[in-house]
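For reference, the structure discussed in these notes is given below.
Letters A, B, C, D, E and F name the chains as they come in the text, with residue numbers starting at 1 for each one.
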Amino acid sequence: MYAVEVRDHIMLAHSLPGEVFGPAQGLHGATYVVDVAFLAESLSPDGIVVDIGRAHAALKAALAPLTYANLDALPQFAGKVTTTEFLCRHIFDRIAGAARAGALGPGAEALQRLRVTLNESHVARAWYEGAL
Amino acid sequence: MYAVEVRDHIMLAHSLPGEVFGPAQGLHGATYVVDVAFLAESLSPDGIVVDIGRAHAALKAALAPLTYANLDALPQFAGKVTTTEFLCRHIFDRIAGAARAGALGPGAEALQRLRVTLNESHVARAWYEGAL
Amino acid sequence: MYAVEVRDHIMLAHSLPGEVFGPAQGLHGATYVVDVAFLAESLSPDGIVVDIGRAHAALKAALAPLTYANLDALPQFAGKVTTTEFLCRHIFDRIAGAARAGALGPGAEALQRLRVTLNESHVARAWYEGAL
Amino acid sequence: MYAVEVRDHIMLAHSLPGEVFGPAQGLHGATYVVDVAFLAESLSPDGIVVDIGRAHAALKAALAPLTYANLDALPQFAGKVTTTEFLCRHIFDRIAGAARAGALGPGAEALQRLRVTLNESHVARAWYEGAL
Amino acid sequence: MYAVEVRDHIMLAHSLPGEVFGPAQGLHGATYVVDVAFLAESLSPDGIVVDIGRAHAALKAALAPLTYANLDALPQFAGKVTTTEFLCRHIFDRIAGAARAGALGPGAEALQRLRVTLNESHVARAWYEGAL
Amino acid sequence: MYAVEVRDHIMLAHSLPGEVFGPAQGLHGATYVVDVAFLAESLSPDGIVVDIGRAHAALKAALAPLTYANLDALPQFAGKVTTTEFLCRHIFDRIAGAARAGALGPGAEALQRLRVTLNESHVARAWYEGAL
């Protein structure tokens, strides 16, 4: 399996309602350094998994609504608990949707899986990996 | 598959008997920066893979007997060659045991796999991944 | 000059009023991975710049009021613009105060300077360095 | 599954013909920080996946023809587009060949898979993983 | 002293004529992950060292002529040996010029020093620091 | 001021006698990822601070007696407390001696300062910087 992974970041505020979250129940924030890996069994005729420029652009587009945002105030997250795991899946779904819609360009039909990793500090990160 | 990974470290002494270890046959030591990843197909009702506070605590508990230790002098390692690979598995077994014993809290029943990575320098690391 | 540097982190929310901050004027957040360096021309009789356990504790104490906090709601920051640079100085002042009050233990009288670095993403950081 | 991963690097020039490569069509270059992971289900009698000294040597040998090279001028790459993905596979094939030829020493028969990762900047990397 | 540091990268080809460069005398290449630190004794009325958006833009502008370039073919480097140290100074001079020309915006008059660091691999880097 | 910094590592055992060291009083160990920075106001006629090959070799030579060693058993450290700070200075003195003895080659006369950094974990490091 081949993979290409690109990186970007977001800085956002949110709160995590639920006793399990302890001090993170209050409004706080995070920088998430976000990696998205694109996986395929074979390369395109150009010898790539994905056009890396389009990969960076798709990641940036997926992150745009979260950039410098307060997730507690965004309608699309009303009633949701925006844990790191939840956000991994949310970003996965957006990039997967873009891939299916052709935003990753010709050759991207061969993409089979994506993995989205959110690095939240030097001691914690989360990811979601699934089929396209 | 979802995952959450947390990090801690240990600083220990040991020797590695066996010709294959060359200069590492003598008593020396290592800092191991240890990552443990908890993997599950689905999230708990709180939207998490595992309570991250309990995950950090389980890692710290698994590492405690190794912290500032000379492994050559610990009875539990008598007759063992404490390679990085061996230690990955040793820590895996301790955290897996804690998980099965309920130390990771409610919701952790969904955990399916663990991966324990020991980073021993800027140019070498090892890991063990297995089912819970 | 000798130095010892230790690391911890905080995850907080804030907004940055002022046109220069563009999209960061709204409520958002950050993970700051915080390094504090303790500098001295000579070592203590024990051969150290500072007791590293006390150094970690002093950093943790300085960060405690900022941990999982919304800075916009904290009285001590009313009317302040809590930029990364401002927070570097704020944490510097708290650790410097602790050092002067003896919290770093015997031998810490020789400390001459501190540097506090806030890493806010994989592409940006800030620091403040000054005399004790 | 156990794994051991070692790191080295190369600094090379090349061009990437093909419209998809945009500005990278011209002659430019890259530092690739290269990780190779050796994976096995079980450990050797010595308690290792692979002799780490031989692993480092096998990686260095695989990288030698690419070190300080201009790939556009190397006969073995004539007519090839030397993308990061292509180079992952090229290095994989060389190390896999060395493993099959016994260069990794006794015990290496248990190796099952390799993964070769090329880190090309702080925001992009690629890898190839396959069975031995 | 306060500082803000931002990061970007370039991927270029060049050769280094001179016996001291050994195998790097031939045409090869490098990824340089470039950090530029802006230093000032005091903060602007907004509480910053420099507008971080403008800082990123000034770095990108300084790097643009080197991006995906073959330095051996650029007229501005004819007769020059484009060592990592030389490139640190070259980028320093460009950003310093931009700062003096006002590209960093109001408040940047207080800037006193710059430091440009080129990370060329996981085991080597160089920097140049000087007064503005 | 120009600088070039190179990296290598050592893995050693030692104990730290003295109440201040708490659990580190017993025999334990560490991986030290070691950076040495060479600083000069001006570049050599070749456009470098130091021959990077010789810099790597000088670092390796300075580290050789500590590699896979038990410092408690080495005569040169009898009666010494081998703290990270002490080891920074020890390595500094060895490299400074090599520099003065000409091991860094022609052009190295312009070197003015060295800084030796020992990274002992992901949360702690120490350094010593001084004039040559």
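As a convention for this text, contacts are C-beta pairs under 8 Å (C-beta built on N, C-alpha and C of every residue); 3 or more make two chains touch, one makes a residue touch a chain.
The structure presented is a predicted model; accordingly, all values stated were derived computationally and were not measured.
K.L.:
For chain B and chain C, what is the smallest step count along a path of chains that touch one another?
P.N.:
The distance in steps between these two chains is 2.
K.L.:
Counting shared numbers against all numbers at the contact of chain A and chain C, is it over half, same, or under half, different?
P.N.:
The interface of chain A with chain C is built from mostly shared positions.
K.L.:
In terms of contact pairs by residue number, which of A-C, C-E or D-E shares over half with E-F?
P.N.:
Same contacts by residue number as E-F, out of A-C, C-E or D-E: C-E.
K.L.:
For the interfaces D-E and A-D, which has the higher count of C-beta pairs in contact?
P.N.:
Spelling it out, more C-beta pairs touch across D-E than across the other pair.
K.L.:
Taking mean CA positions as centres, which chain lies farthest from chain F?
P.N.:
Following the centroid criterion, the farthest chain would be A.
K.L.:
Distance from the CA centroid of chain D to that of chain F, rounded to the nearest Å?
P.N.:
31
K.L.:
Using mean C-alpha positions as chain centres, tell me how far chain A is from chain B in Å, no decimals.
P.N.:
Each chain's C-alpha centroid was found; their separation is 27 Å.
K.L.:
Could you say which residues in chain A touch two or more other chains, in rising order?
P.N.:
Residue numbers touching two or more other chains: 7, 122-123.
K.L.:
So in the complex, which bits of chain A are touching chain D?
P.N.:
1-8, 43, 46-49, 51-53, 56, 105, 107
K.L.:
Which stretch or stretches of chain F touch chain B in the complex?
P.N.:
7, 9, 11-14, 23-24, 26-33, 67-70, 73, 120-123
K.L.:
Okay, in this complex, where on chain F does chain C touch?
P.N.:
Answer in residue numbers: 18, 20-22, 80-86, 88-89, 122-130.
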